[in-house]
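Chain naming follows the written order as A, B and C, and within any one chain the residues start at number 1.
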Amino acid sequence: MPDPMKIRATLVGDSTEVKTIISHEMETGQRKDGQGKIVPAWFIQTVTATYAGKTVLSAQWGPAVAKNPFLAFKFKGGAKGEKVQITWVDNRGEKRTDEAVIG
Amino acid sequence: MSVPLIALFALALLPASVLAQGSAVDEIAKYRAALQDGNPAELWEARGEGLWKSPRGPKNVSLERCDLGLGPGVVKGAYAQLPKYFADADRVQDLETRLVFCMVTFQGFTDAEAKKGPFGGPGRKSDLEALVAYVAGQSRGVKMNVSQAHPREQEAYRLGEKMFYYRGGTHDFACATCHGDDGKRIRLQDLPNLSSTEGARKAYTTWPAYRVSQGELRTFQWRLNDCFRQQRFPELVYASDASIALTMFLARNANGAAFDAPAIKR
Amino acid sequence: MDTTRREWLKSGGGVTLFTLLAAAGWLKPDHALAQAWSKSAFEAKTVDEVEKALGIGAPAQSKDITFVSTPDIAENGAVVPIGIASAIPKTEAIAILIEKNPSTLTANFDIPAGTDPAISTRVKMAQTSNVYALVKADGKYYVASKEIKVTLGGCGG
């Protein structure tokens, strides 16, 4: 079970600001280990953020997104106490969904 | 009309390097500022809190009975007063040493088990790093207040100071070689003067830190270990008296400054 | 200056980026990018792959695409903060292309209606390179670019 991501959702005026730090190695497939062998690529391919059943962001990533990736965006709407969900799926098929309460 | 135009033209012809020199430092400051917005260290802090509160080890108890200097289970402000002499261990201990002590004493781990894998890497998590991140984060904003009341604490400080200036290894380096004066630099990296109060404060209050170049949360024990490696010194043994003495020297020199870690660094 | 127009024109501008885009699979008519993770797009190499013009044309340079909190120098290429904001109406997608990375396309963000056309993330850069912010708005493509200097390589070892 992959590690949880940290999500912060804040109401700013009539918009919700979302910031997240995702725990993921984001291996490029370029790196060599101590024995000189290539470490296989292992990275998040899709990220989807939803609020009230609607997708507020969807992204496709390659391995060049940084390790333990940071993502910030803003959408119109949201209310305190409601939840924002973020789901990621990586190239191994592993996935993780976390949610945050809008504060 | 033509004079300003000529001036502009001349400006455009200046070699880029002349314009870039002064601004390189500014741009790096901008880079560091841009990093502050989201610190992956929070992932370690969250994991560390879980590890602190969960029953673990052969005795299946949590670390909440561990006394970090402010009483059993008191985590808030604990980092800012370490290292410290602990009677139950009869030793001056920094946070990492104290965590190992508590893991052995209360949770039933062996010393070797507790110290296993102190520095994480790809595919290899370190519980100690997570615990350090959690405990350190609970001292954010607290002024450094390391004690020198106990003779053993004073002794550790004196030893640390001696080590700071001690030249050795293949390159005849001391910590002071790089960190004993103002204005030193390695390539683009400004080196803090750790022998000054200001330098010690800035440095000590920002470790542990998420080290971008490592992609990991790194502790003060790691920082010292890596310095020794770069000095071509023999390995600084994890949680050794020597490592605690150096930590005591720098931590106590940072007294009075507000602690602000886990930070994020290159 | 965020949009390096002078450099853009010097490097033969539109042709270079057009090549990049073609190589990255962005100019394919089916534009699978918006729907799912596209292997060909993310594995596409840069300037030495040339594809024929696909009828979309080179993206227009736009001053309405800005880099926000994006430093000119990264102390370490492993983590380079990139922020992009588009003031172009009906922005549907924002993509980040890094010219000198082993694979050009780094990330694509689909912006649904109601979401600010602005994202902030962090990328890996193998070396000093031009970074392109590519925006799809109302079916058309726009671009802004910026050079980011890297002082240490972040892509392997």
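Just so we're on the same page, a residue touches a chain if its C-beta (ideal position, glycine included) is under 8 Å from a C-beta of that chain, and two chains touch if they have at least 3 such contacts.
Quantities reported herein were computed from a predicted structural model and do not represent experimental measurements.
Each chain's centre was taken as the mean of its CA atoms, and the one lying most distant from chain B is C.
Interface comparison, A-C versus B-C: the higher count of C-beta contacts falls to A-C.
Between chain A and chain B, the centres computed from C-alpha atoms are 28 Å apart.
The mean-CA centres of chain A and chain C are about 20 angstrom from one another, to the nearest whole unit. Centre-to-centre separation between chain B and chain C, using Cα means, comes to 37 Å. Shown for chain C are the residues that touch two or more other chains, namely 78-79, 81, 83, 120, 122. Among the residues of chain A, those touching two or more other chains are numbered 67, 70, 72. The set of chain B residues that touch two or more partner chains comprises 37-38, 215.
Those residues of chain C that touch chain A in the shared complex are 33, 36-38, 42, 78-81, 83, 98, 101-103, 105-112, 114-116, 118-125, 154-157. Every residue of chain A that touches chain C in the complex is listed here, in rising order: 15, 26, 28, 30-32, 45-46, 54-67, 69-77. Those residues of chain B whose C-beta lies close enough to touch chain A in the complex are 37-40, 42-43, 46-47, 122-123, 210, 215. Within the complex, the chain C residues that touch chain B are 69-76, 78-79, 81, 83, 120, 122, 149, 151-152. Residues 3-6, 19-21, 23, 25, 27, 39, 67-68, 70, 72 of chain A are the ones touching chain B in the complex.
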